[in-house]
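Heads up: the structure comes next, in structure tokens.
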Amino acid sequence: MIDKLQPDIHEAVGNIHDGATVMIGGFGEAGSPIELIHALIDHGATGLTVVNNNTGTGEVGLAALIAAGRVAKMICSYPRSVNSTVFPEQYRAGKIELELVPQGTLAERIRAGGAGIPAFFTATSVGTPLAEGKEHRTFEGRQYVLEHGLTADFALIKGRAADRYGNVVYNCTARNFAPIMATAARTTIVQVHQVVEPGGLDPECVITPGIFVDRVVEVAHPLHESELVAAGARYP
Amino acid sequence: MIDKLQPDIHEAVGNIHDGATVMIGGFGEAGSPIELIHALIDHGATGLTVVNNNTGTGEVGLAALIAAGRVAKMICSYPRSVNSTVFPEQYRAGKIELELVPQGTLAERIRAGGAGIPAFFTATSVGTPLAEGKEHRTFEGRQYVLEHGLTADFALIKGRAADRYGNVVYNCTARNFAPIMATAARTTIVQVHQVVEPGGLDPECVITPGIFVDRVVEVAHPLHESELVAAGARYP
Amino acid sequence: MSRNDAAPERVGLSREEMARRLALDIPDGAYVNLGIGIPELVAGFVPADREVVYHTENGLLGMGPAPAAGEGDPELINAGKKQVTAVPGAAFFHHADSFVMIRGGHLDLSVLGALQVSVGGDLANWSTGAPDAIPAVGGAMDLVNGVGAVYVLTQHCTRHGEPKLVERCTYPLTGVGVVNRIYTDLAVIDVTPEGFQLVELSPGVSFEYVQERTGAPLLPVPEPHARESVAHG
Amino acid sequence: MSRNDAAPERVGLSREEMARRLALDIPDGAYVNLGIGIPELVAGFVPADREVVYHTENGLLGMGPAPAAGEGDPELINAGKKQVTAVPGAAFFHHADSFVMIRGGHLDLSVLGALQVSVGGDLANWSTGAPDAIPAVGGAMDLVNGVGAVYVLTQHCTRHGEPKLVERCTYPLTGVGVVNRIYTDLAVIDVTPEGFQLVELSPGVSFEYVQERTGAPLLPVPEPHARESVAHG
């Protein structure tokens, strides 16, 4: 029988190894799997390369993981925002590496990684510093740069509901990077508000089919990053 | 106000020009927009390049379009099947050109066309006659071929329901190529069983957002290709 | 919209007036992505008889205004990470699909802020290149290369009075030759093969006043004044 | 499963027995794509205590058996265009997403028919190269290059008695070095760096009988016979 439900959130992240590449879903706080990230902090893996659109806010969730010194490198499109101080400090102190990728190129590189496409051409970034050193080619009179697929050892994502097969649906704009990260990681771990029986999700509306998911953890009442930050919370 | 509903199916296809590239949804009969194809036959445009996974069956739908001599070239993965005689005859007689593309490469080329990606690498077809003459490149010890994005002037597709914005949902495996073709065509024309009010489709379950759709035609009771073929029907 | 003569220190349009001016040029039925900052204000000024569909790159087409107090969902936000709503007929999708809309040329209009715009339409809007700055690009490079038309909405000069419309951008570029039109507090200006083409002066602003604050020659409005309301893409 | 001695013209397994034999090697929890022809029969023989998820490249994960008579939907079909059902926990998706599963290496096993398999694991299964043939490739080239393991399920010889397992394919290739294991009416054979490695003979079939009908040397089962039930990918 296929049963990807994992009752223990710490066991769910227990095999993330030092030096792993970890994709973490979320655009700002929407879709950020904050409980999985906190479990990863407890777990202790370090020297991580983290792929996320941002770098977290306050000192909870992704920002807490960075503050704990566990992240050697960030791959992201927008590493600063309101209430984001942890990454900027470490970056200025030379303690963390940054690979800056345009947001659409980041999304497409992740999709390509999951789709078995090692590289593709895009017009995004042509003529900018982010295209320097990259292969350029002209198609029908327009210049493009070659970008490479991005894969990961693990993905940590957040959904609204899932079944034991790992089929996942999302909530509004919390969907963002999660479905493509699920395809690009060798092991995908998802936290959801609710676990439902097989058949409880309309097959026409499943966004992430279970083949892309390895472990499902139910977190019925996840924390809200913005509320924690407003309250000055800090993890651990 | 945005209103993509088009009550007249003949007007819906009325600007398809001679020599146009037309993507037609469907895998076998599932998802084949048979009424739109018949309207295109009535319309008379010829010298078409048609992109479809197959080449139709019997003498209705896509097979009828080919039988009417309107198709100069087919781009497809599987041009023969049970009850498929029109294309084989024209092909053997040298009356129609064939570009044979592996099914996954066909799907990805269409997606790339819609996504503004002019070319990508895939391992599919390496070492086979379908890779001959194509650029090869090795990534991490594995060989890949360069494939190009595919776009079209028009897409004819079939959905289950749509609203006036052109948001579309599908039925089971009739979805197949339709969502990606909608992105890759300059003008996308969709026939649906049912038109619903805005808000009548769950925004979490919309498969083709309206931005990819130009015209919506309601065909409440579409014909079934297999039934027509079994009955020996012929169009026109 | 007329300049307030009692407050001579304010020449040209306010932020809201700039947004309103640009909103007038958005045609009915357009698919539009509004950047962070002044561009966000534009949606509030589109004439009521036009239906415009707003895209936010974090996965929503059919974005509506901010929710009523206490009714928001922290997982329903825009690219600026502010809470928004979804209109009837909206659709959610993931990030790769969202950038299919952008990169694939499906959106009609992108409205963005700017640090600098060059006479050739180059845009710099993501980095001053300062050595201690945290570089952050977001989706701007994708938008300028993918969307049908790119309108810049910006103050004509920097806070220090330096022109933002220049011969050549000195800041790192966002895109090359991508800007179609510029809306500032002082004027509306098209980027043309001939250079910066004045389309319209803000009320009470003279050609010379704008030229003095522009880092490249400004072509005067041709006579007779045939104002275009360009709908690109 | 034993050979019927009263019918000496039938040596080896029937089509159903071949499918049953392969089904024994599909592990619990596997994601499997079954090709058209004999491979379609495999699903009916997987032991009841194993849960296997079937993928069909036309957009369904969680494919179930054929519907009861009169209950089918002509828009719910498999890659062979036969009507099927969807099990609880199934998901529909479009063709590009379907081939993300294939090309991206997410499926565990692809079971395909063959015209020829070479000692190096090359597969030819889409064209005899005959000048008047209509070439048709479908998803086979994607499957063999993307899926974790490729099992070929085929008669050992052609209808004319020629070996399908050969030193070198003479028909146009589907993929190079892609086949992991071959199940025929006569034997189970692994493709190894050393060549065709016999894993198991069908009941009543001798090594010599299979070797005579194989176009390349067959390595005998090592002693002691350690049969592997390989779960690739």
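Labels for the chains are A, B, C and D, by order of writing; each one numbers its residues from 1.
Everything below uses one rule, namely that a residue touches a chain if its C-beta (ideal position, glycine included) is under 8 Å from a C-beta of that chain, and two chains touch if they have at least 3 such contacts.
Computed from a prediction, not measured in an experiment: that's the story for all the values here.
Of the two chain pairs examined here, A-C and B-C, the one linked by more C-beta pairs in contact is A-C. Our note on geometry: chain A versus chain C, Cα centroid distance of 30 Å, whole angstroms. Averaging Cα coordinates per chain places chain A and chain B 34 Å apart. Centre-to-centre, using mean CA coordinates, chain C is 57 Å away from chain D.
Touching of two or more other chains is recorded for residues 108, 111, 115-117, 122-123, 170-172, 204, 207 of chain B. Among the residues of chain D, those touching two or more other chains are numbered 86, 92-93, 99, 103, 146. Inter-chain contacts occur between A-B, A-C, A-D, B-C, B-D. Listing the residues of chain C that touch chain B in their complex gives 28-29, 31, 51, 53, 55, 61-62, 86-93, 99-101, 103-107, 146. For chain B in complex with chain C, the residues that touch the partner chain are 1-2, 111, 114-117, 163-165, 167, 183, 197-199, 201, 203-204, 206, 209-212. Note for the complex: chain C touches chain A at residues 56-60, 73-77, 81, 86, 92-96, 98-99, 102-103, 122, 132, 134-142, 145-146, 172-176.
Residues 108, 112, 115-123, 137, 139-140, 142, 144, 148, 169-172, 202, 204-205, 207 of chain B are the ones that touch chain A when the two sit in their complex. Those residues of chain A that touch chain C in the shared complex are 27-31, 53, 77-82, 87-88, 91-92, 98, 100-105, 107-108, 110-111, 122-130, 170-180, 207, 224-226.
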